[in-house]
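Below: a set of structures, written as structure tokens.
In the two assemblies presented below, chain A is common to both, partnered first by chain B and then by chain C.
== the complex of A and B ==
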């Protein structure tokens, strides 16, 4: 049976998308975020002193970037999860692979916007999200000269940055394209060749993603705070990506169940998805804390600069995020019973999504807008626009192919999954 | 009182199977006919057998949560007593002498003791509940069930011929009968 997006949800999607586009235009062309001219010591701790403060006018771009990265994480995390299922030859998930594939199919939209943000930043200099793109920063005779950043130009330079961004975005999309293509071939195929091909493609993607998930996190996010570095930053961002994607997948599966689709999915599958949400919330906390504690303990100025603004001017979103990402999901879906009941999963899921949106916010905002942050039309409106686009695109993806991969070799195993 | 303890004999039918799927189906059918299966002996855990036998789900998960909580509390007390209260420690230039401000440094201790207490006490609880201790006499009635055979024990209440017939139809490769003496007040 094929999915059809209900007219009601479609209308909600369109309204949200329109709200998002209006918010985007408002925040870019009409909003006055104020030209911050005062001395902001925390901001200067992040940025080298002695150049113009761009923090206020970065805000619409930074808000766009937070939401773009958040939704890129959802699509990419889903693609990763799908590839894991193929590569591990997992049986339990065969009945929900089409859902993963449809969510991964959202990839082109945030990827295209991410590309625009990169071009606007490093080529057109419309914003200064990445501090190392500032003029003359590696020129010893320029007032903006920064010796530490100049030492990183072998990696952080405009051509190489553009090449890397292009390789990530096109590379991820190509892997998605072939996985999807083969699964559609599988609909009318009499053998399992398509599945074997996807198994190989997935193994290749996992190797590619193992490297690019880290390097893209360094490039797009860690290089915002250019002086600072953390060796496990890539895994920390990956953990955010994965737990967010698994949560969205679970919520979409619950929605489809509520609409009487996916009759082959039962509380056993939900239980497994709940375990992933639970386990990777702990995994995220483990990585987050490993990064935090070492920096807090050693207390070296070049390292603690990262957490200084986050623990002062960002204290509320910072601590809220920890509660929403760790304490709340742990307590709500710890027991076996809770993982098998949709209501508990939804409560924990909403907490995880809000928490990880705030997590991305905390990664990007302090280094880009400093104390000029807020939760206004730019942040919330663009988020709603992305939700609308997500509903429309993923709804269309789900409708285009049968929800059940009827020729999947592990389908029987998935239907009999019992834990 | 001079009431003598009545002794009854109870008939126990034990059936041996050589396949876990066949046994699992037989368990469902036999229970469906209203017989009480008191025990099953298998060489490995058979998925779904507990449910088919009608066993209550274990509460060991809840116990583990409280054991973990106990470990966590002990870790908080330990770090507070040794590092803050009894002999305040200034490590890494953090002489705040409060537990809260040094808390991130104590998280590994809290984590480890939570896991340690939850895991160890859960295992010991499992041993005690199941009466597993060194030197315990094995209660397994047939050593073949530790190799490749599966055995279920069913209580028959006078309708043992029906039961034996049913078990034969369900694919039991061997059926034995034994009488057990019990104190009368039980069923």
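== the complex of A and C ==
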């Protein structure tokens, strides 16, 4: 049985996408010209205080980056989850692998935008998200000279940064491409060779991802606060990525169930997805706590600088995020019963998604716009635009191939899954 | 009923019945020990007694008999402590996490892995105890009310958190292990012919009757304990890592420590399970239950966790450079090229490079290769703790106090003694306990044994034709 995107949802997708594009254009326009007309009062205040900074100019770019990374995390996290299913030879998930694959197929869009952000930042200097791209920052005779950043130029320099970004994005896409290609071949083949191939490709992807998930997090996000460093950072970002992706997957599965697709998926499969949401919400919190507590406890100036603005200027989003990502899911989906009921999963899922969006926000905003942050047209509008694009693209991906991988070695196992 | 894909290898080899499982699991308890058992037991007992001697000498004379000095105030004691605690992680991971993931292959190995956990945590707990010097005051680690004496524990200290973490872990692991043992003890009780034996196993099995209600409770309590034990797997080594990471010592203070210590603990724990089970399956002829596939799967876990540990090593090294903090940079430079370079490169070779050979199916299904690598991994993990602890201490902030550490015969004797003690406990266990969780194993006979899987394959073909 194939999926068709209902006209209603398709229209919603188009409207959201248009809203997103308009918001994007509006916020870039306002950032370039708006504050001269006095629209941006915060920026005026900053100016009045004599701060010459890039924060107002950065804001639409930073908002774009927050949303781009968030949706990249969803697609990439799904690809990771899909690869785990193959590599671990999981049985329960055979009936929802096509959904994972379709969400992972969203990858090219945030990947392309991420590439544009990187080019605009490190080549064209259209924005100042990465502080190390500032002119003369590693030149001892320049007024911008910063000795600490100068010590990092062997890693943080334009050509190497571009090469790394390209390798990540193309590498991830290639693995996705081959996993998908084999699964389509599997539809018409009479044996399980395609599955064995995907098993090997997945193992390769997991090795590639184990390295690139950390380095990409250092590059794109940790280097925003260029002085600061934390060895855990890559794994922390991975945890955010994974729990977000599992939650989106679960919500998409619930939507498809509500539309009478996926009749082979029942509350046992939902229970397993709920367990992943629950367990990795706790895992994320564990990593959050490990990083925060160790830095707080040691109280070394170079390290606590990171949490200082986050605990003062960003206190509200910072603490809200903790509540949404940890307290709420733990209360809502701890019990077995709750994990098997769609309503509870949706409530916890929305909380997790909002919470992790805020988490990405808290990682990117303080170093790029400082106290000039807000939840305005740029942040919310671009998010809605991405939701629209997600609906249209994932809807199309789901429609293109049968929802059930009918020639999957674990199919009967998945249908008999009972916990 | 649970259905298992025909693409999966059987977990029980041969034409086994329920009765075969009973007889073969009970055999080591009911028959006399093979000669090999006595040989290994004698060697272990000797090592243990030597260790006891060294411990008594330490307590009688003082910590000065160890190789510690003013600069390196922590060395083999804490290295051994962390090493043993780490080894203790695999048991709970297998029994709790793999239970939650419904991994059927855990069933032939969980009993022995849990036993190993308990025995290794006992070894670990020894070290802080004897390091106190005055072991008769060991109860001071507990938060005893003020009126009891002038001392009050420092709740800010991760060493105190360790006391709670490890005692909780030990308790939950013990209860978990024992709960699983109850129906199996009952099986031994029902088969015992000698009255003394029957009486002992009847006490141990708590009068298990095997009613449907008992089984229902049994399964419920197993799940609850698994849920409790899962965060404990993470918490114990997290707290152990905080012993170091909350400090401001370069090489110790790094945020990746908690998850990286946990990965390393699972890594070394699986290696130890591998070492023990490869010997045990041979000694007690359990090859049909602890199959090559079990060994292969454990090898894959060893490879994955070894790679995670490798990524953490590289991350630490890279971020030390990236941080621009000269103390951090020096700490890592000193590790890799300083006087302890040999320890660092032993660690790298054993932990990161050696498990990579498991990418080849030939290697990970070879008994000899698996056995050798499991030992190499545990040597490497011992070096990891030694490297972290001693290289960060021996060249501290004050170059005039830089020095080296060399162990005395007492340091070595106590360490060897704990290895002896561990094996004494494990060997005694292997002769008196059902070493495979037979009641649980029987639940997968009809889904995963070689005989029944052949029947399923026929079914699968007719099933898929009907679709």
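Just so it is clear, the second predicted complex is superposed on the first by the 396 of 419 C-alpha atoms of A that agree within 3 Å, B and C clash if a C-alpha of one lies under 4 Å from a C-alpha of the other, contacts with A are read in each partner's own complex, and residues count from 1 in each chain.
Keep this in mind: a contact is a pair of C-beta atoms (placed from the backbone, for glycine too) under 8 Å apart; a residue touches a chain by one contact, two chains touch by 3 or more.
All values reported here derive from a predicted model rather than from experimental measurement.
In the superposition on chain A, contact is made by A:234 with chain C only, not with chain B.
When chain A is checked against chain B and against chain C, the one touching more of its residues turns out to be C.
Of the two partner chains placed by superposition, only chain B is touched by A:335; chain C is not.
Contacts of A:89 after superposition: chain C is touched, whereas chain B is not reached. In the superposition on chain A, contact of A:177 is made with neither chain B nor chain C. Of the two partner chains placed by the overlay, neither chain B nor chain C lies in contact with A:344. Once the two complexes are laid over each other on the shared chain, residue contacts for A:264 go to neither chain B nor chain C. In the three-chain superposition model, chain A touches both chain B and chain C at residues 293, 297-298, 418.
Here chain A touches chain C in the complex through residues 89, 91, 148, 151-152, 155, 192, 195, 207, 210-211, 214, 218, 227, 229-235, 275, 282, 286-287, 290-291, 293-295, 297-298, 300, 302, 406, 409-410, 412-413, 416, 418-419, going by the rule given at the top. By the touch criterion given at the top, residues 289, 292-293, 296-299, 334-336, 418 of chain A touch chain B in their complex.
The part of chain B that touches chain A in the complex is made up of residues 47-48, 61-62, 65, 92-94, 104-105, 107.
Residues 1-8, 100, 102, 231, 234, 238, 242, 245-248, 253-259, 307-308, 311-312, 315-316, 319, 322-325, 460, 463-464, 467 of chain C touch chain A in their complex.
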